[in-house]
Amino acid sequence: MTLAILGPELAWYLALAGCLFAIGSLGVLLRRSPLIILLSLEIMLNGANLALIAFARAHGQGRGQIFAIAVMAVAASEVAVGLGLIVAMNRRKLPLDVDRLRFLRG
Amino acid sequence: MGNFIVWVVWFSAAFACIGSAVAVVTFSNPFYSALALIGNLASLAVLYLLISAEFVAAAQVLVYAGAVMVMFLFVIAYLGGEEETPWAGGPTWQTIGAVGAAAALLVEVIVAVGLKAGGRLSDEASVGGSFGSPAQIGRLFLTDHLLAFEITSIVLLVAAVGGVVLGHHEKGPHDWGSAAPKETP
Amino acid sequence: MISGAWICLVAPLAGAILITLAGNRLSRTGAGIVATGSVAVAFGGALVSFFTMLGKPGHDRSELSTAWTWLGAGNFHAGLSILVDPLSVFMMLVVSGVGALIVGYSLGYMHSESEERRFFAYMALFVFSMLLLVESGNLLLLLAGWGMVGLCSYLLIGFNQERPAAIAAAKKAFVMNAIGDGTIALALFLLIQHTRTLDYAATFARIGALDNRWVVNLIALGLLGGAVAKSAQLPLQTWLPDAMEGPTPVSALIHAATMVTAGVYLIVRCHPLFEAAPKVQDLAAGLGAVTLLLAGLIALVQTDIKRVIAYSTMSQIGYMFLGAGIGAYSNAMFHLMTHAFFKALLFLAAGIAIHALANEQDMRNMGGLGRLMPFTRWMFLIGSLALVGLIPFSGFFSKDSILAAALDRGWYGAVLFAAGIVGAFLTGLYTFRMYWLVFGGQLSPFAREHAHPGHGEGPRTMLWPAAVLGLGAAVAGWIQFAPFWHPVSDFLSVVAEPLVEPTGWQEFTASALAMGLGLAGIGVAWIFYGARRAAVPRVAGLQRLLEHKFYFDEAYDLAFYRPAAAFARFLLGEVEAPLVHGTTAEIGETATFAARRLHRAQTGLLRTYVLAMAGSLAILAVVFVVVR
Amino acid sequence: MSWVTFLLIFLPLAGALFVWLLPLPRNATGGFALLVGLGEIALWIFALVKFDFGAGGLQFDQHRTWFSDLNVSYHVGFYGFSLWLAGLTVVVLTAAIAYALWAGRERPRGYFGLMLFLTGSIVGVFTAQDLLLFYVFWEAMLIPLYVLVGVWGGTNRVRATVTFVIYTMAGSLLMLASIVVLGLSQGTFDLVQAGTNSSPWIFLGFVAAFAVKAPLFPLHGWLPDAYRESSPEVAAVLSGVVSKAAAYGFLRIAIAKFPEPVHDFRVPLLVLAATGLVYGSLCAFRAPDVRGVIAYSSLAQMGLITIGLFAGNSFGYDGAVLQMVNHGLISATLFLLAGMIEARTATGDFALLGGMARGRPALATLLMTTGVIALAVPLSTNFAGEFLILTGAFLQAWGWAVVGAVSIVLAAMYMLRLISGVLHREVGGAVGPEDRDLRPAELAVVVPLVACLLALSAWPAAISDRAFARHSAKPTSRIVVTLSNGRSDGGLGPYDAGAQP
Amino acid sequence: MIHRPHVDWFLLAPSNSLLAASAICLLGAVLFPAGARRTATAVVCAAGFVTAFVFAVLLFIKSPHPHQDIGLAVIRDRWGALSAMIIAGAGFLTVLLSARERMKNDHIGEYFALLAAAGGGMAFLGMSFNLITLFLGLEWFSICLYVLCAIGERERSLESGLKYLIIGSFGSAVLLFGLALVYGATGEINFEAIARATTAQGLRGDALLVAGLAMILTGLAFKASAAPFHQWTPDVYEGAPTPVTAFMSAATKTVALVLTLRVLTTAFPQEARLWTYTIAAIACASLAIGNIAALVQNNVKRILAYSSISHAGFMLIAVAANNALGARALMYYLVPYSAMSIGSFAVLAARERELGRAVTIDNLGGLFGWERPFLGASLALFMFGFVGFPPTGGFVGKFYVFAAARDRGWTWLIIVGVAATAISLYYYLGIIRALFMRPSGATRLAPAGGSPPREWLIQGSVLLCVGVTVGSFVFVQPLIDVARHAAAALPL
């Protein structure tokens, strides 16, 4: 059974991926809570994943999907480390506000 | 007709996706943001299904929405809901710059896609029925992308160790030497 | 012949080195003896050369000897070589002979000084330098000797190191002479450019072949500049009176007998060059004439005994320049010799007086010394008469023949002659003004206070040289009496054939006029200073003009020194500090400013960092898509 | 014979390592360094005796590939003029070490090690026959200088070192750029093999480095501070030897490899040099202290040497080489003497000095002798050098020589001011009766230098006639050919053939 | 039937030995007695790096011809092997530095495990040959480094860790999107295949491809801490434990640059026009910003951070040259650079432990340079090396980089480099000034109560660094031969 593509073409998917990526980066750029920044990063990665999967479909290859799955794992890893950091910071009574993390500056 | 349904599904998923993404970014409470992200992930999974990526969609729901987000929610709960006024703080140029940069990126991607669409993007390949099935993915993972599979596991392992190291509750003061001085910020 | 010349050259240098190296191991007197001895050896060497030379025929009397190549570049080579010919032997004799006497005199004169060793080392070095100058076998070495005598002059004028006036005078002398060195050097560059050598013979041979008058004139002018500076002629004369800050033997040896006359030697030595540039030669004669007048005038109002003698030296060298300028080379040289005798004598006699009066040099504090020191008085008188040029003293024979030669040069010669005889009048006037001020009249209170009649006039080492010189001043002129016998001219003509040959009538006219005016000068001096029949007339403006030496010092100060100093200050203050150093500082500040701006961009705010990345990425991506 | 070159470079470097690594006792360190210095002198004399001046050309050369893909090699050797400059280096450096030994320096191991390192690198500069190797030694020279000035200098030493190093590095980095471009365009970095080049930019890169190091007006901003703030022996090395490396660079690289740019830039360079000559002389004339006078006179003298180098004829070249050695010895001696004076009076200010001649005959004699040689009194070797240079300049165009002659008068003015400011006049405020004459150790440092000067005065042709190959009987060296390839505008034609085969 | 792809275990040996060491360390963190834990895990970790180094050397020797393996995901060539050697060497030195770092004992095992794992990831990344392995390798060592940065659990460490994590993840996301676009444009993930596809399908200048390229460049430049993607560097370097900083400055930079050149030349040769100019611009920006910003810093670690930014600029000149000479120059440069970098951080670590506080220009002064002549002189040597003075490899490195730029015909890049070096003098020499030229007694030697005993491990590592720094100057030929062989693996 072969499947032709139904519905929106690749360009639509890519535009959506771009939107996600942009929204995610807006979150990183504008939010101060590290938690929300981590969430925004997830959105960015998902945008990339969407693009990968769309391309995989477009090229009819599995590689893109493999890539996307690997990315998921990576995203999970990043989240794990990030959350660990946030917990550690909370324990040290550090503010959970990236704007107040300014001990390190020139 | 099938096509039309696909379009409808696509659009609802896409709107849900963007809406939830915007919600993630704008909610002041991280807890709600996390919940919105779950929605986002779910709607993405729907989109994945539309382009025959069943396994990925499943993984998305299971791994992401299931495991990762649960972790998030646990931490948020542990920290207590610290609310943050979404757009406050930071200089104005930061906001303007951020919006500008994000918009430029978006426009750029869309332009790139648009330029490309005139050329090759439209002639998508037809794929076999097993495309995107767990079996195919598994086969790929064990043949061509064996290494990717292994490394993914290493990354996860490393992250786990890291998470443990960082999240691990410290038992006492530094036990290396006695003269460890106090930091003066 | 040549070995004598080498001995003559090296002996004083050896003496100087010996004294320097021996340091304290040599007693002060010992140093003096070494110096005197070495100069005496030099004189011996000169005599040997002289007599060997006399035994040779005229055309064979020139010999060049090169020790080694002193300087070389490419194909140009200048050897460390000496030239022995009648002219150089003549000068060697004068320099080492008079030198030996004066250095011997210093033994007594400098006895009380604490740094005699240095003095004698300098003296010996000077004699060496002077001998190098006169013996040099090429123009480069001549310039070397030229500079070295300037250096020694500097060292000796400034011998009295604690006296600021002495140091200032020494520096002035050196710098003035350096100007002369510079013009000579420029002349040498031209010579190298156009004749490709600095050896006398080759240079002179090739200079004739040069078509370019300008070049020849410039070369002669450059040499003349050096001569003028060294011989204290207008316009570079101002250093000589100041140089009297040096000890009296120095004045006698350097600033009367030898070094200052080097300019004359240079003109005679390089006469082919000057003859190729007759305009410059005329200029030399003219400068000599003007100088002899101006110096004579200034000498009228000076109160320092040594300065009067110094001005008279300038004046007499003016005569020599006049002579050399009109081509009467041997006459000029002859006058150089006799002048060496009588001027050294005058200085030595003055030195005895100064020595006796605790180094007082102001004539107004002297007076009546004649009774106190009869020997000195007689010596001084002999010197004065020779200076004025009264027969039969030496000055008569030499000076008058120069004037006679001037008569042989047409209208220009006549002008020069007129200047010369006016100068003769002035000479008589200022010389005997000095004589009577110092030796005539009653013993001055100052002299009475300081002089000690019981002790004699001075140590024998001082008196004997004066006596020898006195003899020379009296009789040395006899060896040549122009119309009748002229061995000096014959001897020297091998080197420098005179351009003028005055007739007997001219000789007579010149002698008569010069001697008459000289006597008139003496007479006037007698009226004002000897017999004091009349008060000295005062013309305030003129007096001030003369006392300020025609404002040459002031003019130079205003025209050169002050601008140079001001310019240097300006450079240090307005260029060096703000521009050269300021630029560095400014670059540093700009960098630091930029650094602070960048530092401010490093906010520590994570979001700005991400924004920078995102912004850059956006720009990069847009550019890529646009350019691709 | 190439081992002589090798030893001349590496003996002091090895000595430096030895001093740094082995804990020698305090006094032994300096003694050891001095011994190495004397060994260097002996080696150099040996090289001098063995050198065939008649043949000229590169001798005692040694060649090892350093890295082959860009044709960079360790290639060292001596030309006539480099041999003389190397001699200057070992003599002055040894005197400096001896002076430091006498004066006693803090942390002697560091100090003497650096001095030895400096010796080796300067000799390296004068022998390197590979562009990159030249640059390596050139930069290696800067490290010890930086530390020597910065650690053992005066109160304002830090500012002095910063200006000094940044100035010089700015220049030498441009040279590095030029070296890269030149070497790659030639396909080799070997100076002997490389041909000439006509790019004005590459030329200017080299000129920048040399002009800063020399220094040429107006790039001398680092000079007064560096010369004033460093310890006397380091100032002696700086002005005596290090500046000569720049002049050497002009000669060996800028002139030998860039005939056309040299021709095109001759006038601007001569203008800069002449300006520096007069400017330095004037500044020296007004400088308020001993070292200021010497420092600015150094600027003037380097201007003069540069005039000679760019006069473009054998007078200029020979005279410049002679003058490099002269000025090296003179300014080193003067700085050491200034140090000895400062050691007694703790100041170099003319307002506080004076009258030191009385009762101090050795000091007076030495300072006087050096001073008068410095002001180029005729018959001194300095005179010989200046005469040749100015002749060369005159042959190029008469105006340069007139400027030079003016500067001779100015030199007399400032040098006499220095001499009388220290030795003469009334006894200065800082001079006490307890300040004694030079001690035997000090004499042992300075007298040999003065003796060298006097010996050279007797026979300047020893250098001026032996800087380049003299006779064409044997195949002439490349440097000579190269040098003469540069159009000589002296207008003398065959007369200027001194530098030609 | 699943065809197991051929697996060249030898190729993976460097990474695997480090992974093994990491695993042992992890086990040791649990199993070893607390007292011996530090020493034992350090020894294991060091052994892992040594083994990795040996394997990398063997790999280098035995891989004269590039060969792709394991599903064309990695490549066995000398380029990767040499980078693995540098990384392993840097890691080994870092272990020496870390051995007695003030750190909680209960995480020391994990620390060494993560260090080894990070090294393994870098070694792997040097050999990665498709987009997936590229991304995964990058994340592999990045995640290790995030944790290592934060592991000190001091406030600063945590802050630096969080900053690094967030910015790093942002960079990864950008890189990933770029990779996705490239994949989408060509349908290939293997580097060579991408280039082939570009040619075959006429994709030169394709919008998706170049947009992806821009994003990839951003991601890689971020890892190399090149301006304007550099701002995290000073903060993270300052906050991270000094040994980790040392490791990052040497190894991360190595792998990022090596990878950049590999990706750009193998996957995007057709876009060379775009990326050479971009890299050149980035290099210039890094040189300018890195050097100028360092002028007013007081914290020595920050100065070194800016210095590392500027050196990234220098090495990017070599990348921008896009020729064989540039590749050689890059590989050569990395060796002395890594040694100097780790060496200077080692000295800082020593001083830090004496003081018990961050090292600034002010408290570097006093008698440190003289009291600890070896450390002082070594630090001075490293600074001279950073400037590019002989006799250090830094000089030859700069020379090669300039030569590469010249070979490309870009003399203006040389001028920029030269100007940057001139500026950099000020702060490098400022450190030397602080070391040796301050009046004594300005600062007390060790405010933290007595000077601790000399640490032979640190001294040893500094000595090794000095050896490499000077040795790479003297023995250029063998090193450059090695670099040439390595560069031969790239299609230049």
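The letters A, B, C, D and E name the chains in turn, as written, and every chain counts its residues from 1.
Throughout what follows, a contact is a pair of C-beta atoms (placed from the backbone, for glycine too) under 8 Å apart; a residue touches a chain by one contact, two chains touch by 3 or more.
Only a predicted model underlies this, so the values are computations on that prediction, with no experimental measurement involved.
Both chain A and chain E are touched by B, C. Counting steps between touching chains, the shortest path from chain A to chain B takes 1. Inter-chain contacts peak for the pair A-B, counting C-beta pairs in contact. Located most centrally within the structure is D, per distance between chain CA means and the overall CA mean.
Farthest from chain E, judged by the mean position of CA atoms in each chain, is C. Of all chains, the one whose CA centroid is most distant from that of chain D is B. Rounded to whole angstrom units, the spacing between the C-alpha centres of chain A and chain C is 97.
Here the spacing of chain D and chain E, counted between their Cα centres, is 43 Å.
We define each chain's centre as the mean of its Cα atoms; on that basis chain B and chain C are separated by 101 Å.
The distance from the centre of chain A to the centre of chain D, each centre being the mean of the chain's C-alpha atoms, comes to 66 Å. Contact with two or more other chains is made by residues 132, 136, 139, 143, 146-147, 150, 153, 155-156, 161-163, 166, 170, 174, 181, 206-207, 210-211, 234-235, 293, 296-297, 426 of chain E. For chain B, the set of residues touching two or more other chains reads 90, 94, 97-98, 101-102, 105, 108-109, 111-113, 115-116, 144-145, 148, 151-152, 155, 158-159, 162, 164-166, 170, 185.
Shown for chain C are the residues in touch with two or more other chains, namely 599, 602, 604-608, 610-611, 614-615, 617, 621, 625. Counting only pairs that meet the touch rule, the chains in contact are A-B, A-C, A-E, B-C, B-E, C-D, C-E, D-E. Within the complex formed with chain B, the chain A residues making contact are 1-27, 29-33, 35-36, 38-40, 42-43, 46, 49-50, 53-54, 56-60, 62-63, 65-70, 72-81, 83-88, 90-91, 96-97, 99, 103. Interface residues of chain D facing chain E in the complex, by the touch rule stated above, are 20, 65-70, 72, 107, 110, 132, 135-137, 139-140, 142-143, 146-147, 150-151, 157-158, 161-162, 165-166, 169-170, 173-174, 176-177, 180-181, 183-184. Per the touch definition, chain B reaches chain C in the complex via residues 90, 94, 97-98, 100-102, 104-105, 108, 111-112, 115. Listed in rising order, the residues of chain D touching chain C in the complex are 163, 166-167, 218, 220-222, 224, 279, 282-283, 285-287, 313-315, 317-319, 355, 357-358, 361-362, 364-365, 368, 372, 377-379, 383-384, 387-388, 390-392, 394-395, 398, 401-402, 405-406, 408-410, 412-413, 416-417, 420, 423-427, 458-461, 464-465, 492, 495-499.
Residues 108-109, 111-113, 115-116, 119-120, 139, 142-148, 151-152, 154-155, 158-159, 161-162, 164-166, 168, 170-171, 174-177, 179-181, 183-185 of chain B touch chain E in their complex.
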